[in-house]
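Pasting the structures in now, so scroll down.
Presented sequentially are two complexes of chain A, the first with chain B as partner and the second with chain C.
Here is the complex of A and B:
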């Protein structure tokens, strides 16, 4: 399913957080777009900027964080205008975040929290909203929805709470769902249930999905397109198949090698040496170069930019994996 | 094979979680661990796997003597730990150490690295003076991939992975035989997790350590374990060597757990779209009668609802508690 123009467009986004120890450049020059019905996975480790991108996509960068460059457009309109962001947030574009207990108000019933959103955006009456809330709970697989509406979040398990959050996210028939680590706080069997639910809802409702996670396994089944983030930048993007089977950026390859698999060998895990960089003092060259096996002195001084490869993906690297279609690699001199 | 380093026989742990009734006359009990047994060979790793509330952490803490045991025996190196008095226990516990999950919560932020690692050495009088303490601390830091330059830094100066190395150095200070690692890499990023898993494997080889590796992550457990026990709702449901668990799981819960773990490969993931395990683990205060898994089990029969299945041999060194399989 592809529409004529993207729903969400992020152009050269730069987000900084001033701290006493210096300014943290959390997101650097990030551009991406999500078309109607598309599922885009954003993969990165802690501090890679993935959640900041999610917040920017909702127009939710709050002080002290600041967008210092680029723009975020929702169907062509800038979300940096709070009035516009408010009109779309929760209605056309909604969020499922990591910790359902933090998303839900502990002292209000499920029903009150669900109908609140619908009253605001859809201008539904009490009875109508309550009926719709019950239908939504049923849709997300919650048994006895009528009874659940009068319960408080603490009376539900973590998996059920996350289902409620998903139901609220769906309550205004959004066009796009942003799921930020939606299953990280859940047990593995519950995670499987929630991932299955998100995928089937996405297909059934034709939603666009932006799934943000640190777990390569989670995006493998759920997303068609992937972006790999490192130190606030997109270092590689492309189809899930291309990235998993033929990663070009050494970081993508290293991340895959470091992820233990149920079906892989039991030999030693391949490690990535060192630590992610300090985002207060980002090097001029490639951020991954201190940890990269392919790194040369050129990588330390010249910043690679994202350029298209022959398979429709993009990567930012001077010395990519398997040099089959490498672009001009500068010689060291 | 010589006798195992650790034997757990019929271990049960019951927590008192409150009172019921108008006068509070009835105690509410939560059976966190119910009659589980396993043994761990010297120099090997026993992986204890389960979801939240399965009793895996309680099992580890019971072995360390940190929670009272309701029933059962813990035999460490041929000696029954459950029958020891305070003094014997204190000296015995030097042989068993814990690596906890959260490297942010387990290091006192007001102590520097030297003091953190030297503390057990001083408490148990393993060093005579400050110089010896520093020497041993440097040795331990180097063993875990840190350096003497880190001695006077405080925990806040380190990343999660480095903190976990400090925690490991501290756990190794008294030359323990057994390390109970409770989700030691769950809070870490993938690239750092691999470093710590490999470090634990290196240390095991160099120091002939024995591990109990407690984790919810079947992929990590597969990498590090020789033998594995699967827990569900306080019960051990399957126990076998590593490969049989992953290649020929017998208990329906083990099977469901394995099929729930996402595999970082889109081709494999798309092909795996089977049924997911429905429902949730039971309330530990009033677990179901019979087999505790029967409420979610796709193979459940009348017998499973009434009788609790015993742990039985299905293959050499492979025990399963299931009526159907």
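Here is the complex of A and C:
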């Protein structure tokens, strides 16, 4: 495996969902890549298209959703070919989804659900797969792994269930883990444990990680690179460090302002006024302009595109925060 | 589990006793066996003698008490028509009914489940629509009518199967098919809708994300969940086929089972025989219900005995 070639490459992806009220453009012109061992966080609010991107990365856009533009490549091969995608899913790209209770089949034992994946991809026999399943449970910090194999999901707590889901995801030595809101369904103390587990496993196993969340706090320690998604588009990307300390897009700045801090700042949490746009209507200007403190009438008529900035990141905004490299756009007089 | 089954058995016994009482009272209120047994020109005196002989002149509560007292010793009275123990007649007629009901049930259950699963894989497509139509027809067409149509077409027209009677596999085909149709219809529709629900659950989608084969997802994940609904309906269908379908189908095809016997008993106002038929059916029905509930706990680990 070459170190520099990206594992996952999403190029100008466009995903639409036809609905009775009109076509929803869930993902618009999204491009991103994930290199081996790299951790990429995708941050956005509900409906911003982040889960659709996760599904697309597995080649799993379901009807009525449709990819109408761009492509998703896994190590150079298109995942729109179902035969190819099926070979990689669970084998090289694994998913940890939001609600572990919903992710596991309620009426099959944990052992069966772990071993069936290994039987499929690694062609392991029953005994071998069971032994490996026990080892994996131990690795993700589940006590008495031997006994757990014969238990059903409902006999475990939410945090333990999510550990099982993670163990299944790791069972075939994948190259990349997609974690789609992996902590949202868990209580706060468990959230931190699960995040630490994902992070430490990612580093230990050298996995690529795509961590999808609405919570900037979640990606803070876990990701090297961040992509901020708004209304189906990436509006800013860069290193986690740069985005946290010098956000350029007003949306990123607003998200940071809306994140509670534990470092003694007693400032009132700021909210982002307004609603995300209706993705059925085709907007001409910047999608964020109706909610943006910096917006001008220029923003409403001209669509900003992602352009590189001086920090090595990218952002799509006519009137960015911290006017270090403001673009040559005439301000309204 | 032992305690649970014991509790269910006691409940079952109560159900059987209640059914017996209701049937006993109703049959004695709505019909007059004496009028059927005697010729038209019989005098009132003749009637009184026969009534007294059969014990029908006594108050109904006394009759019921007698019946129950005998029933405890497994004496369910003599058939008025055949003049021998009613229970013997029922037991003779039970095996043909079992053969018919089980063939129809298994046929309907298997085909219905397969059709339901296949329809659910691609809902809305032509195959799904065809199967749904088939299911609705199976449920809604009256069995006596389908029975007659099949006789006209396959027996009279093509001569493939005998028109009625029993004794060979060829005799079994038409009545079993007629019995199977509504079972097939309901099993197919219920299996289809619960399969569609299951296939859309997050755990099935995540199983797909784990790269499992479509066949494994459909069979080992979705159908295993959907099968719980199928089993529930299957229990009802077996009961319905035994207690209802068999009467209609056996009468249309002169199949010598307990359904046919029930019709004969009703025609002849043989209340003792009818009572015997109802009792045996009631015992089988409550047994099936207990078996279905025990099956749940095997299929779904979340269901516990209590």
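As a convention for this text, the second predicted complex is superposed on the first by the 325 of 333 C-alpha atoms of A that agree within 3 Å, B and C clash if a C-alpha of one lies under 4 Å from a C-alpha of the other, contacts with A are read in each partner's own complex, and residues count from 1 in each chain.
Heads up, the rule we're going with is that a residue touches a chain if its C-beta (ideal position, glycine included) is under 8 Å from a C-beta of that chain, and two chains touch if they have at least 3 such contacts.
The structure displayed is predicted, hence computed values, not measured ones.
Superposition of the two structures on chain A shows chain C fitting alongside chain B with no clash.
Set against each other, chain B and chain C differ in how many residues of chain A they touch, and the higher count belongs to B.
Legend: residue contacts after superposition of the two complexes on their common chain; A:110 is shown touching neither chain B nor chain C. Of the two partner chains placed around the shared chain by superposition, chain C is the only one that A:99 touches, whereas chain B remains out of contact. Contacts of A:156 after superposition on the shared chain: neither chain B nor chain C is touched.
Of the two partner chains placed by the overlay, neither chain B nor chain C lies in contact with A:299. Using the contact criterion defined above for the overlaid structures, shared-chain residue A:58 touches chain C, although it does not reach chain B. Once the two complexes are overlaid on the shared chain, A:121 sits against chain C while remaining clear of chain B. When the two structures are aligned on the shared chain, A:255 is found in touch with chain B, with no touch to chain C.
Judged by the touch definition given at the top, the superposed model places A:91 against chain C, while chain B stays out of reach.
Within the superposed three-chain model, A:42 lies out of touch with both chain B and chain C [touch as defined at top].
Of all C-alpha pairs spanning chain B and chain C in the superposed arrangement, the closest lie 7 Å apart. Interface residues of chain B facing chain A in the complex, by the touch rule stated above, are 51-52, 159-162, 189-195, 197-198, 201, 216-220, 222-223, 242, 246, 256-270, 272-273, 276-278, 280-281. Taken in their complex, chain A has these residues touching chain B: 45-46, 157, 159-160, 187-193, 195-196, 214-218, 220-221, 240-241, 244-245, 254-256, 258-263, 266, 268-273, 275-276.
Those residues of chain A whose C-beta lies close enough to touch chain C in the complex are 58, 60, 62, 86-91, 94-95, 97, 99, 102-108, 116-117, 120-121, 152, 154, 165, 168-169. Contact residues on chain C toward chain A in their complex (touch as defined above): 201-213, 216, 220-221, 224-225, 299-302.
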